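In what follows, subunit A forms one complex with subunit B and a second complex with subunit C.
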Partner chain A sequence: MKSFPEKVSRVTYHVSRFTFYVFFILLVFASAKTALAQQPTPSDDDVNAIAKQLYCPVCENTPLDVCPTQACAQWRDLIRQMLAEGKSADEIKQYFVENYGARVLSEPPRTGFNWLVYVLPPIAFLAGAYILYRAFRSWRALAKQAASTGTESPTPDENEYVARLEEELRKRK
Partner chain B sequence: MSENVQVTTTPPKRSVPLWAQILIWVGLLGLLAILALAMKRSQQGIVKVGDTVKDFTLTTFSDDAHPAGQQIRLADLRGKVALVNFWASWCKPCEQEAPDLEAAWRAYKDSGEVVFLGIDYVDTEPEARSYIAKFDITYPNGPDLGTRISQAFNRNMGVPETYIIDRQGKLRFIQIGPFQSVAEIQAIIDPLLVEK
Partner chain C sequence: MIADFGYGVIVATFLLALFCVGAGVYGAQTKSYRWADSARRAMLLTFPMVTIASLALIYLLTTGQYEYQYVYTVTSNSMPLYLKITAWWGGQAGSLLFWSWLMSAFASAVALRKWDRDREFLPWVIVVSAVTLAFFLSLNIFFENPFARWWQTASGEMAAMFRPSGAIPLNPSDGQGLNPLLRHPGMIIHPPMLYLGFVSFVIPFAFAIAALITGRTDDRWIRITRRWTLVAWLFLSLGLVLGARWAYDVLGWGGYWGWDPVEISAFMPWLTGTAFLHSVMSQEKRGMLKQWNMLLIILTYDLVIFGTFLTRSGVLSSVHAFAQSAIGPMFFAFIGATLIISVSLLIYRWSDLRAEVEMKSMLSREALSLLNNLLFMGVLVVCFWGVIFPLISELATNQKVTVGPPFYERATSPLFGALMLLMGIAPLSAWGHSSIKTLGRALWKPAIAAVVVMIAIFVAGIHNAVALLGFGLVALVIFVTLYEFWRGAQARHRTTGEGFFTALGRLAARNRRRYGGYIIHISMVLMAIGILGIEVFQTETQGTISEGQALSLAGYTIKFDSVAQFDVPGGHNVTRAVLSIYRGDQYLGALHPRRDYFYESGQPMTIPGVRSTLADDLYVILADWQPISAIGATFKVYHNPLVNWLWIGSIIFILGMLVAVWPDKVTSDG
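Right after this comes the complex of A and B.
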């Protein structure tokens, strides 16, 4: 049979052990919750990957990732903040379009007259290629014709002229 | 002699098919028409002193009283003199005139005859709010969403820019760059208040 002080110390031991476990479990939960609540901070590369698809709304033709102004720094911070909130690249770009207009996009949206930007260059390229093809064909046809009619070879008159020229040159030597 | 006779035959002329020629000309004329339209549109949009300002609606930054922001339509301000100021938190000259604009607004606000509108041009909201708090700006301010308001004026070349509109909705004054004093602002607004 255990004495009273022994019983007390045993109870104290169990209570302190229980308390330790409770604290340990609470600590684990608290850490996990904190870890879940925090998104990893987006790196500069993450921010610039989106920023380079956007243009500074106030400077002419300057991509947002290389723009040195304070305004652009604010917009890059905004991208970082939105990425940390878990927003996708498309959502961020949409936010920029709604707030600053479609001109911030490096690629114009494929709507209305903007289609001309995508359609005209290939058409112009194909038209140029066709014109060149026709020009080469006509040049080749002319060359063939010239060869068949013998216009390239010197005529007897020309032969006589060449012979006289060579004679003159020999005399001068 | 017959050796020297050259037979010159003209190669059959290959011309571009008619349908292709028509297509090319139609395409070129279409492009010219688009360019002409775009140029006409950009010229028409420029608001000049004396012109009626195109209507726009400003959605102000949300606050406790207006959690979704307040909608202010320019057309609803007819009968009052309106001062429309474009600014941005990243704009240093804007900071120079901000206290003067606020002082001028406080001088007029009880009269109910003048309205000041602050248009936050291509800015980020947290910094814009800090700017408003820093200069204790009390007149309505809101973002230029999609730059629609600056496009209504179509001559926004930078900030700050201020447009003063009379009671009839006609543009009466354009200030490019910051105002230098409260007196300068009042010297423009006061004569417009006398007009009916």
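Right after this comes the complex of A and C.
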């Protein structure tokens, strides 16, 4: 009984070693394959797809894919180079953030203090909606009171529409 | 000499505006007609005075007196005369003077009104206008002097009005010239349009404050300023559209709106102004939402000041830029002070502004107009917060962040969608009372038609959910609005026996504000078609090709024929490519994307080649071309479906506006 867990652990050890090797070989293959796939230089569209998500680190509010300055052309070349090296879009963006700060991202990163930018507008909107809802309810209660005391509003129909339109037009005169 | 004179006139006008404030307050408080009239005359005098100061500046600009800093920064010898004149508003100092000029013109127009009916209002209106005028003139006097001159001192060059000790006057022979990007017809009329809109909103605000101070809180102030508000809104809207068109034609990023802080700062007063236009109708028709209307016009005024400040200072780029500019704290102090005073007055009169009737139904027109206001305020909060968050973040965490288009698009698009839905429902609901039954009866036909359109679009192969929903809403608004025209004309046709089209014409003529408003609704959703087209369906590609080769995008083939580089008169160099556009084998025409290089400012300008149809725009930019290399040229191609509807919508918008503001034959007010 005692050795049983040990046996199991030995089996899992072998299995995990095996999977490790398999994985390792697959990984080598995969990386070789991506390296082969990346051999031709990445196209302008590949570069722009990433540059579009980044902001020029020196100009104000200019996306990197459309920024005409020489510096930005060099940064786009850097993206091309990194793509050719097989870096992913996230890795490239991460590289830019580490070197030039979070301002190169088109939105504040969702961490710490920056959550405020995402959270405050919906809260303000919901608060406004709630205030409006409460106001409507209290108005309706008042209207119901008025209705129960006998001031019944007539059901509007097409004739009433015509009458109202005429009245509004008269008022404008 | 002329500059000293101009500066002196500004100082004198500033003092006159201060006198105007004092005399107006004293006259209104003591009910002294003489003092109030004196304030009025002083206000009338400010207009010719600011005009003279402006003419002095224009004289310096057109005669190339580059020893003056402002002239040096915005003009140069090579600029044509009309650009030298319009350089009046080409830089910060001049545009502040332009602001003051418009303010004095509008305030004078108000001062020329007959005083007998609104004797208690008008002194206060003049006081509020004069305070605003004095503030803007003080900026010219103390911080942004358009008449400051260049001096050479021991520590370097500097600009000052009066000779610093030991300084020698500098006399440059040429100026830097206006930024070439701004030398575009759209950019020449865009700022005055925007400013016309900004400044006209001061007038309804001034009347609102007058109403609060005098306690005359009925809807008189709204009736007097109705046309002012509409005109302000027209110019602000035109300013925004022209700015968008300029960005599309000149900036060369394939779009018209980049959610830049400067754009947003002009958009924010538009949001509150639009909400105000809708919600004042509840006050006129039902005597409701008075407090809210006051708050909206106060907000609009302060957002106008905030917008003027942001568009011309660039302080939002960092906290340091803000701290260094002397003008920033002044603006914030003024905005803070006017906001506090206005809101205090509002609170003081709060109970007088209570609604005359209660809201009866959640589907009545006034209830839906409140919902409309909630949505506009939602967009405003997103915009305001997005614009100031980078500053707050830098202050709190010392980290710079960018709040860019993805943030605004995600946050505002559901709100804009809901606004479109309201635009489809609200015109059918009645003032005072509407139930699901009455609303449903009016709505079902247009709603079914809109669903049919959605199905047709789906069958045609567009399966994008946002696009389907958006186009469905566009169809709903158009059908509902046309149905409203038809229903009204039909009703008149039946009751009065007029022919259908006579009835339609008379109907629109008798309630121009309503039917003009409906035309504007249609124009808005036509613009929405363009916005949806570019937001959802824009595609792009970029490639470096040599002559004879081609790029393809969205079924188009763009063949590179040739490129040439040459100098043109006016001091710039042009690189111009010739492209042939094909769809399949069919030749559609040639495009000529250009890059202009301005020698004096060392700045390039990208002018796209655009093939524009109702269905789509093909927008080609010459991104790069090196004369010595044989690699070829780099082109960036955008396919912008439906974007033309944005501009078509703008033209219909102007038509609707003209219908709404065209003066009545016999005016009861305004």
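The working rule: the second predicted complex is superposed on the first by the 111 of 173 C-alpha atoms of A that agree within 3 Å, B and C clash if a C-alpha of one lies under 4 Å from a C-alpha of the other, contacts with A are read in each partner's own complex, and residues count from 1 in each chain.
Keep this in mind: contacts are C-beta pairs under 8 Å (C-beta built on N, C-alpha and C of every residue); 3 or more make two chains touch, one makes a residue touch a chain.
This structure is a prediction, so every number in the text was calculated from the model and none was measured.
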### Message
For A:L142 in the superposed arrangement: first (subunit B), second (subunit C), both or neither?
### Response
both
### Query
On subunit A, which partner touches more residues: subunit B or subunit C?
C
### Query
Does subunit B (first) or subunit C (second) touch A:P57, or do both, or does neither?
first
### Query
In the superposed arrangement, which partner chain does A:F113 touch: subunit B (first), subunit C (second), both, or neither?
both
### Task
Return first, second, both or neither, reflecting whether A:E98 touches subunit B, subunit C, both chains, or no partner chain.
first
## Note on the structure
Overlap of subunit B and subunit C contacts on subunit A, residues 101, 103, 113, 116, 120, 142, 155-157
### Query
Along subunit A, where are the residues that touch subunit C in the complex?
43-45, 48, 55, 60-61, 63, 66, 68, 73, 101-109, 112-114, 116-118, 120-121, 124-125, 128-129, 132, 135-136, 139-140, 142-143, 146, 153, 155-157, 161-162, 164-166, 168-169, 172-173
### Query
What does subunit B use to touch subunit A in their complex?
3-4, 6-9, 11, 14, 16, 24, 27, 31, 34, 88-90, 121-124, 127, 143, 145-148, 151, 158
#### Entry: Partner subunit A, residues of subunit C touching it in the complex
252-254, 258, 260-261, 314, 317, 358-362, 367, 370-371, 374, 377-378, 381-382, 385-386, 389-390, 392-393, 396-397, 399-407, 411, 430, 433-435, 438, 487-488, 491-492, 494-495, 507, 510-511, 540-544, 604, 606, 624, 634, 636
### Query
Which residues of subunit A touch subunit B in their complex?
57-58, 69-71, 74-75, 77-78, 97-101, 103, 113, 116, 120, 123, 127, 134, 137-138, 141-142, 145, 149-151, 155-157
